[in-house]
Every structure is written in C-alpha cells, then in structure tokens.
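Chains: A, B and C, in written order; residue numbering restarts at 1 for each.
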Amino acid sequence: MTPHRLCERAEALGALHPNLHGKDFLLSYELPDDAIGFVHRAAAWLHDAARAGLSLRVFDGGVGVSIFRDKSTRTRYAYRAACSLLGLQTEEIDESTSQIAHGETVRETAAMLGFCTEVVGIRDDMFLGEGHKYMKEVAASLEESSHKGALLGRPAVLNLQCDVDHPTQALADLCHLEQVFGGLEALRGKKLVMSWASSPSYGKPLSVPQGVVALMTRFGMDVVLAHPPGYELLDEPLAAARRFAKASGGSFARTSSMEEAFAGADIVYPKSWAPASVMRERTRLLRARETGRLADLEKQALAENARHRGWECTDEMMALTKDKKALYMHCLPADVSGVSCEAGEVSAKVFERARLDTYRQASHKPFVVAAMILATRFADPAAELHRIASRAKPRRGA
Amino acid sequence: MTPHRLCERAEALGALHPNLHGKDFLLSYELPDDAIGFVHRAAAWLHDAARAGLSLRVFDGGVGVSIFRDKSTRTRYAYRAACSLLGLQTEEIDESTSQIAHGETVRETAAMLGFCTEVVGIRDDMFLGEGHKYMKEVAASLEESSHKGALLGRPAVLNLQCDVDHPTQALADLCHLEQVFGGLEALRGKKLVMSWASSPSYGKPLSVPQGVVALMTRFGMDVVLAHPPGYELLDEPLAAARRFAKASGGSFARTSSMEEAFAGADIVYPKSWAPASVMRERTRLLRARETGRLADLEKQALAENARHRGWECTDEMMALTKDKKALYMHCLPADVSGVSCEAGEVSAKVFERARLDTYRQASHKPFVVAAMILATRFADPAAELHRIASRAKPRRGA
Amino acid sequence: MTPHRLCERAEALGALHPNLHGKDFLLSYELPDDAIGFVHRAAAWLHDAARAGLSLRVFDGGVGVSIFRDKSTRTRYAYRAACSLLGLQTEEIDESTSQIAHGETVRETAAMLGFCTEVVGIRDDMFLGEGHKYMKEVAASLEESSHKGALLGRPAVLNLQCDVDHPTQALADLCHLEQVFGGLEALRGKKLVMSWASSPSYGKPLSVPQGVVALMTRFGMDVVLAHPPGYELLDEPLAAARRFAKASGGSFARTSSMEEAFAGADIVYPKSWAPASVMRERTRLLRARETGRLADLEKQALAENARHRGWECTDEMMALTKDKKALYMHCLPADVSGVSCEAGEVSAKVFERARLDTYRQASHKPFVVAAMILATRFADPAAELHRIASRAKPRRGA
C-alpha cells in the first residue's frame, strides 16, 4: 500500500467521530458505532502502514503501564508491541491481587502510576463482577487525580480483557473477518456461530463469547450462540447483541445444539467457557475462603463438562457448515484433542488445517491496541494517521 | 509555560555550578548548595516543560539500570518514567541479596552492567550500615572499570533510597513545598515538623526523616524533629541538619512531644520509623542468622511502638497547628487508621483531606530523578535544558 | 575515531557478503567466513562508533524478544543493551520450560511473538540435544508463519547460548583478542589453550569450549584443547575445529595434561565443563524423572571433578606460558579459589591480575549482538553502518 493511498484512507477516517479522546476503552457494547468503527478501521490502517514499512511513532517518550491480574503471553506481547510501535515504553505493575485490591490502594496506585503515563492496559478476567469494576475504579482514580492537577494528563484505561468483554480480541477477530471476506459489507447475512466447546479444564472466562456476539451483531451478521443448557452467559452483553442485531439488519439467535448451529454456518468459533452461575459461585467461595467447597465446585463443573464431550469441532461437525468449509476461528490457545489435551474443543485435523488462519486472526491485536491508544489519546486521531502517512518515515534503516 | 520563558529559566540555571558531571548522587547532605539547588530547580523546570508538552529526550538509545534490593512500586515507576522521558531504556537487575552482596560479585556485576549504561539507580534501605556502603562499592567498581577503559563511559549511581538518605523523596518534597508556598523564599521561617508516628509494623527505614531534616534545614526553615524517647536517628544526618540550619538562618530543634512539635506548625510530616538501635541489632541478628532472637526483637519493638499509640496525626493534633491547617505531608503509603491498619500514623479524616496533596507531593519524583540524570551525565546540563526548550519539539503527535 | 574513518571502514565492510539477511544466527561453525568476518568486524565497528558517541539507532520502534530458559544476567544485559542502542524495545517471554517445550506451543508462541518482532534471542543451554533443536523449532515456526503471511516479517533467531555453541561469547572473545594483539593477522601462529579447569559445581555447559575452539581455529591460531580423560566435548564442533585449522593454516591439538597445554601458550582459557556423557545421562534422567539417580549422578560427577583439583590456573601454571605472561581469558563468572569457592578454576592472584582484562573481554558482547541483528535484518548491513557514520548523530544531548 502506498503512502498516498494511506493518506486518502486517513482522510476518509476523519469523517468518523469516535469521541474517545480523554476517555477509556472498557466495554465495546457501550460505545457508539463511530467509536467502534474508528478503532477497527484505524487498526486495519496501522497494520497496512506497518506492512508498508512506515514508522508509526507518535510519542517521543512516555509510559504505557500494564496491570495483568491473570497470566498472559499473547495480550501482554500485543500491548507491548503496540506501545513500542507508537514510541511508548511499557512498565508492568506486578502487584498481587490482594495488595492492589484494596480500595485505598487502587486510588493511590492509580495516581502514582499516572504521572507520566499515556495509557494503562488492564487484564482482570478471573472473577465475575470484579474485572470491569476494578477497571472503573482505576479510571475514576485517574480522573480524580488528573482533575485535581496531580497528573500531567489523564491516562486512558484500556480493557485488555475483563469479566464482561474482551474488546481487543473481538476487534482483532473483526479485522480478520474483514480480510477473509473482503470487506465489512461482505459480512452482511453471513452466519457466524459462537459455540461452546468441550474442555478438560473449567473456569474459562466468559468475556470472549460475550465480546464476540456483542460486536459481530453490529455488522448485519446472523449470529448464533450455541451452548449446552446451563452454560449461560451474562445478560447484559446478550441484550446488547439483540439490540445491535435489530439495528444492523442482522439477527441473533440461540440454540442448545451444536449441530443445528453449525448447519450452513459461514464462520464457526467453538470455544469453552464456564457457566456464569459456576463463575459466580466460584467468586463467592474464593471471597469466603471456602477452599473445600471450591474443590467440590471444580469437580462438579468438570463432571458437567464431561457430559458434553460431543461439543467438539470435528470434521463431521465442519461437514455441516456452508460448503463444508466454514472459517474456523479461535482466540488461542485452543484445547486441541490429542495434542494439548486428551479430548477438547477441536480435533487435531480441523485445527491443523486452520492453524495459520488463527495466527492471522491474532496478528491484528497489536494494531487494535495501537488504534485504541490513538483514539483515546488524541483529539484528532485521523489527523495523526494522515501525518504518519505523509511524513512516510521508514521504521527500519539508519 | 511558554518555551521562551523556559529558555530564560534554563539560562538562569546556567549560573549554578552543580559540579556533578561524571559523579554520583548518593547523600544530599554531602553535596554543596549549587548541586542541590540545580537538581531541585531543574526538576521543577522539567516538570513545567513536560506540562508544556515538550519532548525531554536527550538520549538516542542507552540504558538506565536499576537494582532494587527492597520492594518498590512508586520509586521504580518514577525511575522508569524519568528514563523513558529522557530516551533511555530501563533494565532491572534482579539478583537476590546474597548473590550480589559478595565483594567480587559487586565489582563484576557493576562492570558487566556498565558497558552501555548511563545511570544505575539503586534502592537498598533494609539494613543500617549496608545500603550506602553498597552504593559506594558499585560506584567504585564502575569508576575502576571505566578508568581502565572497560566501559564506554562512567555511569552515575543514583541513590533511590539507602539506609541513610532518600534524596529523590526529600527533593520531591521540596518541589512540593515550593509550589504550595509560592517559592523557596516563602519557606524561610516556616515551621516544619518531621514527627515519628505510630505504626502496627516495625523496621521502617530511617532514611526519609533523615533526608527530610538534612534537606529542609538548608532553606531557612524552622525544622523540628519529634519522636518518643529511644526512637533515635543516625548522628550524621542530624549533625548536617544542625550545620545547615545555622548556615541558612533557620533552626533545628528536637522534642519528645508530638503536641509541642505540632503547636503552630506550618507543615507536618508524621511518619513511623524504627529506632536506630533496633535496626542495628536487627542487622546483627540477620547476619548471625539468629532467627529466634529476630522474632523476639520484633515482638519487643512492636510492644514499644504500641506504647506510643498517641503519636497519631488526628484532627485534635492538626488543631494545634498554625491556623489549624498545617500542610500534611507523607511519602506514601501511609498507615491510615481504620483504612490500611487498625491504628496507625494518621486518622482517616486527616488523610482523606490531604490525599490529593500527597499525590501532588509524589508527582515531582520522576522529574527529580530526571534532573539527577541530567546533572550527573552532562558537562553543561543547563545548556541541555535550554536546547530542550528552544527546539520545542512536542512529545506527542506524529 | 572520526566519522570519516568510520565511513571508510563501513565501505570496506561492503566487500564482504555475509548472506545472513532474513536468516538466523545459530551455529557459527555452520556459517561461511564472510558471515563470521562481517559480524566480527561490524561488532568492532559498532563498538568504535559507540565510543565516538554516535547514535546507532536503525529502528524507529519494534521489538526484540528474548527467551531465557536458563538464568542469565550478563547475556540478558548485552541483548537488551544492543536492542536499546539500535532502537528496539525488548520483551522477555517468561514461560517455564514445560509450557514452551510442547511442539504445538512452540509453533503457536513463535507466531504470536513474531507479529512486530525483528529478532528473537534465545538462551537454552541446559540439556544436551535440546537447545539447538529448540532454536531450530522456533525458527521453523517463524519461517512458516512468515511465509504464509501471518507475520509482518521474518524475525531472526539469535543463539544467545545453546547446548552446542555460544557464538556471542566466542565472537566477543575474538574481538578482545584482536584488540589485545593488534589485529587478526597478529593472531596467526599464536597458541591458544582452551583448558578444562576444576570446579566445585557440576553440569556446566559445553558450549563455551566448543564455540571457542570452533571459532579460533578459523584464524590461523594453534588451538589446544586440554582436559582430563573423560571430559569429552561433542564431536561436531571438534570436527569443525579440525577442518578450520587445516583451511586456515593453524592447528588443532588435544592433550590430557594442563601443564603440557600451558607450555609456551600465548593465551589460556581455563574453564570447567561437564563431560558430554554426564550431560547426556543427566538429560535422560531428567526426562525419566529419576530424581534419585540424578542425585547419584551429581555425587559421582563431583567426586570425579575432585580427582582433578590440580587443573587450576595458578601462578605456577602461568609460569609455564610464553614469557610467563599469557593472556588469561574467561567468560565469567569464574570459580576463583578462596573468593567465590574454596578451590576452583583459577587462583585469586591470577584472577585479580586479569580481572579488568576479563571485563574488557566481556565488553564486546553487546556489540556482537548488535552486529548479528544488523546482519540478519538488513539486505545491505554495511550500507546501514555507512549511514550511521555519515549522519554522525550524537547519541547524547538534546
């Protein structure tokens, strides 16, 4: 892609009004279409500009703080890569949950870390009712300290996965779909299946399926959510999905049959999650330190999972899909039967065929993060993209 | 603040002769007035330049090493933020105390880490008689290796808190006082109380109170050190405080009554610390690995602390101060009664009123570190500031 | 050194055809002379350019990933310093051996980490038959993902020490020898002794002696490998050493007498290592989780080491060398008798005399890494060096 073409596309992006400047990016379904549209298109723009070899630097010094309250290799890398490409150094805050969970400490830590910081990326997806709440607490503390003049600016809080939504994942998924199908318009009327799948582990977060259905319904797709009875998700993102489907001319349906869901599907996204009720009980037991009951809960949940071993994405399942070749998606790592576990979400054959596609799917994430940073940190982010393209500075070379 | 005004202020700073180039910043009370004055004024300058949106970059690559031999979130962040703003990447050396404590290892590690390094920031505040000694050992090793041509340059060692002094804290405190009172001259004759305060923990370092009294006495303030009998500090920084008070036209007094200290005070700094004698015994027992006696010492020290529960900064105490509204200072985190502990240094009401002030107090630290780096790494640091202002490059924007 | 002279030297380097662009740097003895020659001379060039105060930045954003599967302070620092000088941020992947060892996971992790990455530096020297294999797996995964368009480019894999070779160490050693003896030509006919030495620990990797003999034999030196019977190295690097010695007009001999080896030596490199057979058995037992037998193996190996306490580099040994003053080399940290252990590789007196020399020896490592990055990431790396010199941008100063 030429710098000239990138300039034109940056100008076109100027027509959108993301209205994210000075704000946070927490739950995508609470944000208006222009905000989502801008981040998605800016991410694709940045990816293309990077492929064209352009320097994406927009900061000459400054810090991107990250707080990972759950293990992460992929999202951590995506966050750091994005910061590096934009010119920020990353600083990871490694406080244990207990240290940072305390109300007073959140306010204080947020203030301390905000002095020279542009953005605070947080992953906190372990406990229902906690992750999003924590991000809002950090944001409120930054807001207060900034308002009272204790900070140089008001850093943006980015949701790198909470208990409710995983916007960097879902937006990367959207970028992938756009590339595979040749544009957003081509997604209209496509059947996307977000399906529960079998797993030998329990307690997987709900944020990916919730984020995916609440995003893809905005683009006129026929989104189907499939899971065995009991594997409920939270109400709020599903209500958003219904609302978006109606507004976009798509649809949002639910089923408790994987076969029914897969029938004629253009895209399948088979992934395990824990029932919301189990996750709620788990949080309650952890708070009450009832260790014995936690073990019981895990045992019951695994037994329940085992009753649904048939929910595996096999060649037989794939044969039900549109032309027998639906696009397989996964946020990785997948539980691949016979490879990373005995019996899991997907057969080795299906996964191996789709493996490089899942890498391509993931490859958008650093650029989604970078687009979120641009959108939240600059009053006119499209103008920044335009300057990146018009200066056309190579990223490599003395 | 306009770049033009920043240029003028940088020129004025050129009149000072900090004489820190190629040296370390270890104990502030051993440094002449021009060194202290330059770092303090350069820190304020950099803070203003950052607020004005200027890029502070003075390095195009290079490393700032940090060695934290005690936990740290705030100072670590301040160090990294400072390095990032100046254009250095940070590299933290995570050697356990035992590995790095060995004489040979110190020399070797210092040499290894000095090859492409501009600055080595060290926190080592756990053991009386050890922290400052260790920093001098690292500095001597760098000096030797540099002198013999094994290093590209002679990195500066910065004291990020030792057993004797905490210069980045005390200088940030000074920047805060200057802002609150409207200039250094306005500090003359102000009564500042550095007071011991009650805590449910023992073994807190002595470096903050020592650093504060040995710095503030240089500016004509009436500094009062208050603590219960037995909670002695080290002699050397107190002797320096007496000397500075005499030279600056201020005063340095001691009392064993918190009420007497607070009476008519303009500024109060209530903070717990361990008696020097307890810290000495603790170091001795740790060296001798007398674990049983360590537990006894802790029990005795906590019992002694408990006898002084009245040393808490409450509304009643604050009512004794000048116009009942002395400035409350703390290096954070504070032991807030009913919030972070049952009964501690300060009541929740007093702390909540002062909370944002303590954030503002802390906000100066990254710029103090940056000023120390400039002063130790450049022959004419004021000229660097002038160039930063005259090039007026924005830190943000493509 | 003037920028003009650096330009001339960069032009001269253009005559070499390293042919490393888009490739990895894994085993130096598998690479042709021009590749080795370019990296060695570019490292010396970069060291001189850094001493001349030039900015070495060739990247405006981007990531250097590191994976350390064994503890490292020195090499980690060298890698980070090199990345920092060239303009890359470093991101360390901290996966436990078990997590990353799995075939599927290697492919996936490599792809995830390669999106915006220029270089992946790996240390994996713990198990014979594993380290080099792992690096090739990572490289193959990057190759595949890049070929299929999932990555922005194909990151280079750099060997920061494997079970077979330690090229950054051996090339830094070569840079040191060149400086001490005044040029590569001066090394012809010099006797270099790579000798086993006594150690109170067991299980030290074989990669340093293997890398040193397989590199130095390329430069016409008379290389002698000395060790007690049984302390065998791997066949392949020794075969390469024999081949290189023949081609370069040097020689490669072996002896089981330290005294015989030291006689008339110009350079001595006394360092402990474990017998290849012990390392093989150790890997086998670890895989089989035979913990009891592992303890037995350690006991036997240490008893065997103890039988060779005479293999210590003492004043008496040094007296046998050329003019009694051979150059002492070590990759550090050394087992210094009476200092870091009771009885080890070298006497305190010999080591203290050579200490600063060993620091100088190590000082080349960041520049060797930087040269490897340049050679693997740019089609015409000599042209990059030329641009660095001709733009002559200072690394320090606003």
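In the analysis below, a contact is a pair of C-beta atoms (placed from the backbone, for glycine too) under 8 Å apart; a residue touches a chain by one contact, two chains touch by 3 or more.
None of the values given here were measured: they were computed from a predicted structure.
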- Query: What's the overlap between the neighbours of chain B and those of chain C?
  - Reply: A
- Query: When chain A touches chain C, do the two copies use mostly the same residue numbers, with over half shared, or different ones?
  - Reply: different
- Task: In steps of 5 degrees, what rotation angle do you get fitting chain A onto chain B on the CA atoms?
- Result: 120
- At what distance in angstrom does the C-alpha mean of chain C lie from that of chain A? 41
- Item | Of all residues in chain B, the ones touching two or more other chains | 57, 89
- Item | chain B - residues contacting chain C, complex | 57-63, 65, 88-89, 91, 93, 95, 102, 104-105, 107-109, 111-113, 115-117, 144-145, 148-152, 377-378, 384-385, 387-388, 391
- Task: Name, in rising order, each residue of chain B that touches chain A in their complex.
- Result: 50-51, 55-57, 73-74, 77-78, 80-81, 83-87, 89-90, 332-333, 336, 339-340, 355-356, 359-360, 362-363, 365-366, 393-398
